[in-house]
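First comes the structure, then the notes that go with it.
Labels for the chains are A, B, C and D, by order of writing; each one numbers its residues from 1.
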Amino acid sequence: MHHPIIKHGYYGEFGGQFIPEMLRKNFIDLEAAFNEAWGDSKFQRAYSNLLRDFVGRPTPLQKAERWSERCGVEVWFKREDLAHTGAHKINNAMGQVLLALRMGKRRIIAETGAGQHGVATATACAWAGLPCTVFMGAEDMERQKPNVERMRLLGAEVRSAQTGSKTLKDATNEAMRYWIAHPEDTHYIIGSAVGPHPYPMMVADFHRVIGEETKATLEGLGLQPTHLVACLGGGSNALGLFLPYLDDETELVGVEAGGEGLDSGRTAATIERGSPGILHGAKTMILQDSEGQIEEAHSISAGLDYPGIGPLHSHLAATGRLQTAAISDGEALEAGLLCTRLEGILPALETAHALAWTLKADWSGHEMVVLNLSGRGDKDLQMYTSRRGHNE
Amino acid sequence: MHHPIIKHGYYGEFGGQFIPEMLRKNFIDLEAAFNEAWGDSKFQRAYSNLLRDFVGRPTPLQKAERWSERCGVEVWFKREDLAHTGAHKINNAMGQVLLALRMGKRRIIAETGAGQHGVATATACAWAGLPCTVFMGAEDMERQKPNVERMRLLGAEVRSAQTGSKTLKDATNEAMRYWIAHPEDTHYIIGSAVGPHPYPMMVADFHRVIGEETKATLEGLGLQPTHLVACLGGGSNALGLFLPYLDDETELVGVEAGGEGLDSGRTAATIERGSPGILHGAKTMILQDSEGQIEEAHSISAGLDYPGIGPLHSHLAATGRLQTAAISDGEALEAGLLCTRLEGILPALETAHALAWTLKADWSGHEMVVLNLSGRGDKDLQMYTSRRGHNE
Amino acid sequence: MSNNFTFLNTSDRAVLSVFLTAGYPNNAACGELLDLLATHPAVSFVELGMPFSDPLADGPTIQRASEVALSKGTTLNDVFSLAERFRSKCEKPLMLMGYCNPVYRRGVETFVKDARSAGASGLILPDLPYESHHRDFASVLDSTGLSMAFLVSPTSTEEAMAKAFDTSTAFVYGVANVGLTGDAQSMDRGAFFHRIQPYRFQSPLVAGFGISTPSDVAGLDGLVDGVIVGSAFLRALGSVDESALNVEEVVNRANEFLKPFNPVVK
Amino acid sequence: MSNNFTFLNTSDRAVLSVFLTAGYPNNAACGELLDLLATHPAVSFVELGMPFSDPLADGPTIQRASEVALSKGTTLNDVFSLAERFRSKCEKPLMLMGYCNPVYRRGVETFVKDARSAGASGLILPDLPYESHHRDFASVLDSTGLSMAFLVSPTSTEEAMAKAFDTSTAFVYGVANVGLTGDAQSMDRGAFFHRIQPYRFQSPLVAGFGISTPSDVAGLDGLVDGVIVGSAFLRALGSVDESALNVEEVVNRANEFLKPFNPVVK
């Protein structure tokens, strides 16, 4: 394995492959195929060309003047909102579709919560000409109709998950089940740095371009950030930014969705409020009750509304390398509105959590912060609009 | 004047400044300020940095494999859909806001039809911290609610134009009127390469980066396009692509909105079906009745729904340099849906007109086409969705 | 003498001119209003607006009047018929005021000749550039004897002021407002009209845009040769609701509106 | 002898085992069903499902049963009580089947000891990796005498097959389906179970997932030591609409379902 941080699929005590035997072979094949592809300069070239020509990379690294002034510290935005389909998610979807083509797979499946990863995957599949099935909680389909339509326009089939809380967690179960039933011809594109090994590291690797571009730009300017900040859903945008900085002194801050409050029982702050457990095939921090049943997560931001987190994040938090914080629904909404007015960037509600943290943190003023502006907020217009109405 | 093609504000017989005396001074000042700024390397640097760091330029030039296959000719997409706010419009808005700052203006006004230029201008103003008023037809405000909300979130005031057809043409009148009443402190950002001199050329200049990037990339690859294709609303995305190629052999194709059909009376194909006249301060091709009253344009695509066109386009068409064609509402919808499924790019309905033309044109197969993918189609989801529903 | 405005230079008090939109509130009522203006002693001359779909120099009242007139099917031929009717009643100058496009659409020469035959004295086309005037209008105006009025406004440069007086063959139209016809923007009218004085040469000077009351007129006394009242006159005509439209009533209102102007204008 | 499955090796025909979800359709009915299974001559042993919120290896029927059981508040303690009740009625082996998280949440050692005291024979945890078994389970299972069953499936590598037979202390669970429990995917079961034969060693082999009829069982005769019927059994219990739930009726249906299995299994 090319990542010294992983040992036998584990990051410290977290990670692993808690999967039924019916999927074992898929994971063996996937790990081998990914390692081989990742080490192949032809694959790397095809992948970077695609990121450049289709996704629109590199994305800008922009000094946010008016936001910095408001925070009292220098804040730079890594503009993943400008990536095709409006969020970082597409980096991973394109990488995995390329991998699936290389493996000779003939169908793609994916799970989605708010629909961002589903749209990214459906987009990658349209580009590749691969049939695509996206699993989505029945509840989420109801709440996120425009993304359901986008996926369908892209030619994807959207299947509703009717079990459990009918949200992302259940859609993930459904996708795994489908894969169990169709192990040969199908590749499953997980949407964040979660799930059984090798997904967490593979997904992170397909996003590390975020951090690499950031580092290259800043080094070109002779700058070194003191803080990297990103919101934590499953953790892919955060890891994408953090990976090239893991061995630096730079502080890493992951901002979780506090929901209605850490103590409200309605939260998605997995690291802040969860405990170690096993979900979707990996040992990691999860929200669970005393019986070990998985709890529903709650966040205004559908992309953070997940009761788990990537195992590497759990490890980095447990070892003190990753600092976490939680931001409430209301704080995120306000920060998103403020960023729109100050910078002319309507951020995804997910991203707004990271933004809110930079407003609250205790700065000396000498720090230099890079914030992963992970996505655009067009999809969240309704939510912002009613908040604005309410504020006036 | 640095554009040899212009003589005293005219392109051949088209162009000019058909404006009331109350605006004359504004235009004298604007022309001087723009010429001075455009020739100033400091301004140029500030503008390109902004395009790079905020807008996300350069946008990709992507060979569209599956689309090419379908058309039987090599088609490349210039990905303006990846620019901040989702269309080329932002290039012009940022340029003009920089100019307004330089001129010491303290308020920005703009007109908008579908809201794309309004959103781009509101975005530029949020970035610059300038107050912004956007005029929009009352009818359009009703049809394009999400963009109205986006502008408001960006801090802009949206004023409804209640006169005439209550659409873009009337919003433009209102903006001009406001400017007449507030000539000193206000700068008016027109949204396309239309209006009185120097707007057509200034707007085109702020978009010529599209063509310059295209040319640089293709020259780097040793390629020379045989055709450049773009949709024509007011003509800004088209000119942006065409300008650096005006003196080349490359064929220039402008695709107009045929609406319900060229002979239906419900069309926006200004060059194909219009006649020379004077609208919004310039002599150009317009849709008018026998009395010289301006006719309402009709297109499914709000961004093409304008009874005029830039004067340079009229000149290029009259002199045979620009070839035009019209695409109907239905053809555009189908082309947009097809592009979504084949390429994983949901195009703006405006862009879909240009796409449709590449499907229909008579190719030998040896041509090389660059199509300006002027914007993304998230805003048109509803329209595409009902068409898809209807097709099934 | 209907196409010569030099009489303005010779009077010692500002004369009153009224603007109305052709075909407003409908063709018949507009005809009756023109009859009234033709014979009304306070009114020295008249502007007849040629309705246009996109009147970008006009405020809400005249915009609305244009819209109503167009919705009733008013054409240029109707405008000319109204002009003929006016001319049959009096010798007062009649200016046609409008936008370039309908004029170019008909053809400048045809338009000017038709206007002349209908008895018009001159033209006001706020969006006509000087170059276009020189190229397309000057000689045919000259040969027909129709005159032309250009605008100066508070933002006009010194050059523009000189040019307006130089080129206008009817009078110079001084925009008495920052803004549009009928706009109620506050500005220091006196200062502006004082600034114009040095450029006054040959052409008379008439103030318009936003003049609505006798006291507005009084405030310009000594500074201009005439004033044009437009939006305020149209507003005074009351509602244009077709079902309630009573031509006699409209004419009465017009008469009422003009009454207080008698003492202040010559 | 409840934790030793070597008896399977010695019988000449495949024995029948029934899976049911603890707390389904409710706690009382589940208890009655266990009583039935304890005494039913066709049933050689039983799997009791421990309901989990995210049962990703299960098909719709067992998912739904888990959901119902959890919605009725079924806890691990309830599972153990049901196991105790079963054990009080018979000596047949009882496997607890479930997912890792609730087991780890209780603590592996506590869980295993509690399970043992409740009379369970062994565990089936489809998502438990071998390493975790070795590290966390092996010694405590050993010391308590509880056994473990691992799965092999049509996609299992040769290594995985060998390992399953090597490590399983109860039996090897052969997944008789491409897919999930209860899935009706077509596959060549015979081919798969033939492929397993060379690896059979020590542990007995039991087929499960998608076995629903006596003819399914007959088709595996000679290839396996036993079969597990789960989803089909739960489906046979009928609607779980609480208001209509009649425990006696549920037990009758279970009895009906088991009848045709009598002749084919030992």
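In the analysis below, a contact is a pair of C-beta atoms (placed from the backbone, for glycine too) under 8 Å apart; a residue touches a chain by one contact, two chains touch by 3 or more.
Since the structure is predicted, the reported quantities are computational estimates derived from the model, not experimental observations.
Peer 1: Could you name all chains that are in contact with chain A and with chain B at the same time?
Peer 2: none
Peer 1: Among the chains here, which has the CA centroid at the largest distance from chain C's centroid?
Peer 2: D
Peer 1: Report, in whole Å, the distance between the mean C-alpha point of chain A and the mean C-alpha point of chain D.
Peer 2: From the centre of chain A to the centre of chain D is 37 Å.
Peer 1: Report the inter-centroid distance (CA atoms only) between chain B and chain D in whole Å.
Peer 2: 67
Peer 1: Determine the centre-to-centre distance between chain C and chain D, using the mean Cα coordinates as centres, and give it in whole Å.
Peer 2: That pair's centroid distance is 97 Å.
Peer 1: Going through chain B residue by residue, note those that touch at least 2 other chains and give them in order.
Peer 2: If we look for residues of chain B contacting two or more partner chains, we find none.
Peer 1: Would you give the residues of chain D that are in contact with at least 2 other chains, written as numbers and ranges?
Peer 2: none
Peer 1: With chains as vertices and touches as edges, which is it: line, ring, star, complete or other?
Peer 2: Line.
Peer 1: Can you identify all of the chain pairs that touch?
Peer 2: In this structure, the chains touch in these pairs: A-B, A-D, B-C.
Peer 1: Would you pull the chain B residues touching chain C in the complex into a rising list?
Peer 2: Residue list for chain B touching chain C: 8, 16-26, 28, 163-164, 169-170, 173, 176-177, 180-184, 277-281, 286, 288, 290-294.
Peer 1: For chain A, which residues are in contact with chain B within the complex?
Peer 2: It is residues 52-56, 59-63, 66, 79, 81-84, 122-127, 129, 146, 149-150, 152-155, 337, 340-346, 378, 381, 384-385, 388 of chain A that touch chain B.
Peer 1: Enumerate the contact residues on chain C facing chain B in the complex.
Peer 2: 52-60, 63-64, 67, 70, 75-76, 99-106, 126-129, 131-132, 150-157, 160, 164, 175, 178-180, 183, 185
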